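Common to both upcoming complexes is chain A, partnered first by chain B, then by chain C.
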Partner chain A sequence: MSSSALFGGTGIIIFLVGLLGTFSLPHLLKKIVCINVMGSGVFLVLAAVGNKDVGATNDPVPQAMILTGIVVAMASSVFALALARQIAHRSGFWLLPEDREKL
Partner chain B sequence: MNAEVLLTAPLLGAIILWVTGSKKPLPVWAAVCVGTLFAGFGLGSELTEHGEPYRILLGGWQAPLGINLVVDGLTVFMVILTSLLGLFVGWYSLAFKHAGSSLFWPLWMGVWTGLNGVFLSGDLFNIYVMLELIALGSIALMVVEGHLKTQVAALRYLLAALVGSLTYLLGVALLYAEYGMLDYLSLGEVVEPGPRSSVAFGLMVSGLLLKTPLFPLHVWLPEAYSTPSPQTGALLSAIVGKASFYVLLRIWFQGCPAVPTPSLGRLLGTLGSVAIIWGSVLALRQRSLKRLVAYSSVAQLGYLFLIFPISASASGQPRWLEFAYTGTVYQLLAHALAKASMFLSAGIAVEAGGTDALSEVRGLAERRPVTVFTLAISGATLMGLPPSGGFTAKWLILKGALGVGQWWWALVLLIGGLLAAAYVFAVLRFAFDQRDEPEAVAEPTRSSEWAALSLALCSILLGLWLQEPMRLLVLGGIGINQ
Partner chain C sequence: MILDWLVVVLLVILSLTILLARDLFWVVASFITFGLVLTLAWSSLQAPDLALAEAAIGGGLMTLFLIDSLGFSDPEQTSSAGGFPITKLQGLTALGSMIVAVPLLRAFWAGGAVSPGLGPLVEQKIELSGVEHPVSAVLLNFRFFDTWFEMTVILLAIVALQTLRGRTPRGDSLPSGQSDQVLTWFARLLSPVLILFSVYLLWRGKHAPGGAFQSGVVLGAALSVLALTGYQDFLLRSPVVSRLVVTLGVVGFSGAGLFPLVLGGELAELPSGWAGDTILIVETMAALSTGMSIPYLLVALQVPKDKVQCEERTS
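And then the complex of A and B:
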């Protein structure tokens, strides 16, 4: 198995784990962390896409995509965290109302 | 030059308004509206001169190093629609008493930049970045008012939007792994059906469906559209969701035209039909005006998805696809204008009545005749009554559906129209009721009512003006190169 396929496959599994967590874990912080896990999976896939055999030059476009993606992911995580903190502060729960009802 | 103005004018506006604290938004707003409207129409006339869609290489750089912009009929209509919304929603904001936070202006200009970026970009990754810009900007627009209920709706929307755009990005990454390109027009020439491109395509489509949203992924929508300020609700429902649908059209018909199977088209068409009927039924059951208008968005978005099953059967008969395509774009435009107008009118009604309850709309016809008139004519577009843009849209989709022998969508269109009539009249019935007790409530300004009315009139005018747009839309765009 080539290293690209290995890393790409791992990236997809990490993405799916994050996706599962985002929907199944009720805690807001966990949801936001899970979305970051999804993002890391996508970045790993992109890194595998840009990876060429030893000696050949790597494709720079996926690297540029990862760097841009990290900036976007950081901005949105910070925003989501600020929003979640406000909600937790005002409602007293790190949960969305629909998850609170299930408790 | 025009495309550059469309991208930089709102961005400059956002920066200026941010730095100056939006104390006097009027001159900047006016300049950006005039600039982008001129540029939008300029783009349209350039396109007519070219006679076919064309690319703009920013800074003269070729792909993959540079970023390509693509201009065709759809692009022109989307950027003009965005400018019109910017014009009238901005006017309303200036005129409305509770204009809300001053952050509205720089944030909306930022979202505007992202929207024009999506509509002009020819590059799938660039589109991802612009979609994120739109999502973050519009969610920030929601929460500037600071109510807890809105914040919860905003976080739910943010989580859905992030999952949607990461899913889309994974699809883009897999497509890049296979073909080494991001430019959707070039991809359209090389992408072949197969398991890998199907997975990539499926991921991109599901991400976009979550963001648009299509039933049953719409659970975040009603709260997100109905709890923020009326201006924000209007912009979210009119254009923000449509940007994701626009990308869906691009990848379905131009990025990966060989990949979608007829059964996938039928699935989206069926989900769209369920959205039309279920969304309308839920709209009928609402007791609050803004929630009614929000659920009606779920229904009206459903119409946009009928193009996919029609296109699956239209191979070899581009005429029917052209009808369905023009109808879908018309539905998008007409719904955007009418729904924005409805949200703004709902804002006026809430302001005049004190609460958001539907029953509190009573007596509005006497006190606010212009607003009730606005609700009635934007309602006519949602129902699809002639001569509104909504009628033209539904008629064109119907023609496409019957042309390829899929008569059952006609039934959906009919039931959807009747249900829309039911929920629009549910509002109007209350508006014409008598109300005894005179109460001291806020008086919305006349000018804000005129802004909402102008949007509704635009949605009617759209129905009267068909030939020229239709020619521009099918000009080498989606449908022709099938």
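And then the complex of A and C:
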């Protein structure tokens, strides 16, 4: 198996694990971490598509897009953390209002 | 190849740990390790630029922000909210995504369609871009828009955080580590090296992996270390100057993007003669502003002390 197929497949699995976590974990900090895991899965798939195993040059366009993606994901995660901290600060729980009702 | 398999197995195990761990600290620690292992995956996919960025952001900065939030959270309710209650809708979503994944996985493992991609085109036109490294050429010339609006997103995040916080950030809300001698000594030792390394990465980006963002993130790490160990003067003494530095990136990219219109060219079409010089100036501005943005984000994440005390008194 070529390394791009290997990493692409892993990217899909990691994306799924992150998706499951985002939907099923009520804790907001865990949700944010899981969204980041999902993003990493997408980046892996994109890099695997751009990776040429035998060819002389790798495709630089997906790499540049992932680089942009990593920075943008960081910025939006920090914003999400700030929102979650406001929720925790005001309500005393790291939970969305609808999850709090289930407690 | 064995290393590839090891990296892949570790990545899956770590993502499962993040999904299943009850303790919040485990989740954060696994995520940090996940970022570091992903760095190995990028270098295995021959993407050293991504490895650099991932090591600095996934392994470094996200750690800073997550651990900072971990300290903010309440230890007793972190363990209580660790359950795994799957409702019908969530179960259906999981099932649906697995069904989608099967053909995707099959497509990957069947080998996939071989297309030349945009690599040859970039190689052909790289002389016009003003830089020699293909990823830098795409980032700063061929896909100039991406990077332009990436800077805008960072600025937007800062503006949004400050709006949420309700007051201009002041460095004094950061926990001060000045009393800790070892920490202060280590920060003094580390930060000049980091700043020097960030300048090196910036200069190197022209012809080798490296560039504005990696350099900016390393600079930001150095400034955050300084801000966390009590040297917050650069944020406090002249807030106007530090805010101007934060906006430099967007200003630089907007200038370089709009100036060709004056010369009668297209939007964001860098003049081929001076593309190299323009890119160097814009990159320097972007690196400085990314570097300054990171301690700013860290400070803006803190909830003001007086507000906490005020609400504690009323409750």
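The rule we apply is simple: the second predicted complex is superposed on the first by the 101 of 103 C-alpha atoms of A that agree within 3 Å, B and C clash if a C-alpha of one lies under 4 Å from a C-alpha of the other, contacts with A are read in each partner's own complex, and residues count from 1 in each chain.
Here is the rule we use: a contact is a pair of C-beta atoms (placed from the backbone, for glycine too) under 8 Å apart; a residue touches a chain by one contact, two chains touch by 3 or more.
Keep in mind the model is a prediction, meaning the values are calculated, not measured.
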item: Partner chain in contact with A:58 - chain B first, chain C second, else both or neither; value: second
item: Which of chain B and chain C A:12 touches, first, second, both or neither; value: both
item: Chain B versus chain C as contact partner of A:35, first or second or both or neither; value: first
item: Partner chain in contact with A:68 - chain B first, chain C second, else both or neither; value: both
item: Chain B versus chain C as contact partner of A:79, first or second or both or neither; value: both
item: Greater residue coverage of chain A in the superposed arrangement, chain B or chain C; value: C
item: Which superposed partner A:97 touches (first chain B, second chain C, both, neither); value: first
item: Interface residues of chain A shared between complexes with chain B and chain C; value: 8, 12, 15, 19, 48-49, 59, 61-62, 65, 68, 72, 75-76, 79, 83-84, 86
item: Partner chain C, residues of chain A touching it in the complex; value: 1-10, 12-21, 23-27, 29-30, 33-34, 36-37, 40, 43-44, 47-52, 55, 57-68, 70-72, 74-79, 81-86, 88-89, 92-95, 102
item: Chain B partner contacts - residues on chain A that touch it in the complex; value: 8, 12, 15, 19, 22, 28, 31-32, 35, 38-39, 41-42, 45-46, 48-49, 59, 61-62, 65, 68-69, 72, 75-76, 79-80, 83-84, 86-87, 90-91, 96-97
item: Touch list for chain B against partner chain A, complex; value: 64, 125, 129, 132, 135-136, 139-140, 143, 148, 151-152, 154-156, 158-159, 162-163, 166-167, 169-170, 173-174, 176-177, 180, 182
item: Sites on chain C touched by chain A in the complex; value: 1, 4-5, 8, 11-12, 15-16, 18-19, 24, 27-28, 31, 34-35, 38, 41-42, 44-47, 49-50, 53-54, 57-58, 61-62, 65-66, 69-70, 72-74, 77-78, 81-86, 90, 93-94, 97-98, 101, 104-105, 108-109, 111-112, 116-120, 122-123, 134-135, 137-139, 142-143, 146-147, 150, 153-154, 156-157, 160-161, 164-165, 213, 290, 297, 300-301, 303, 308
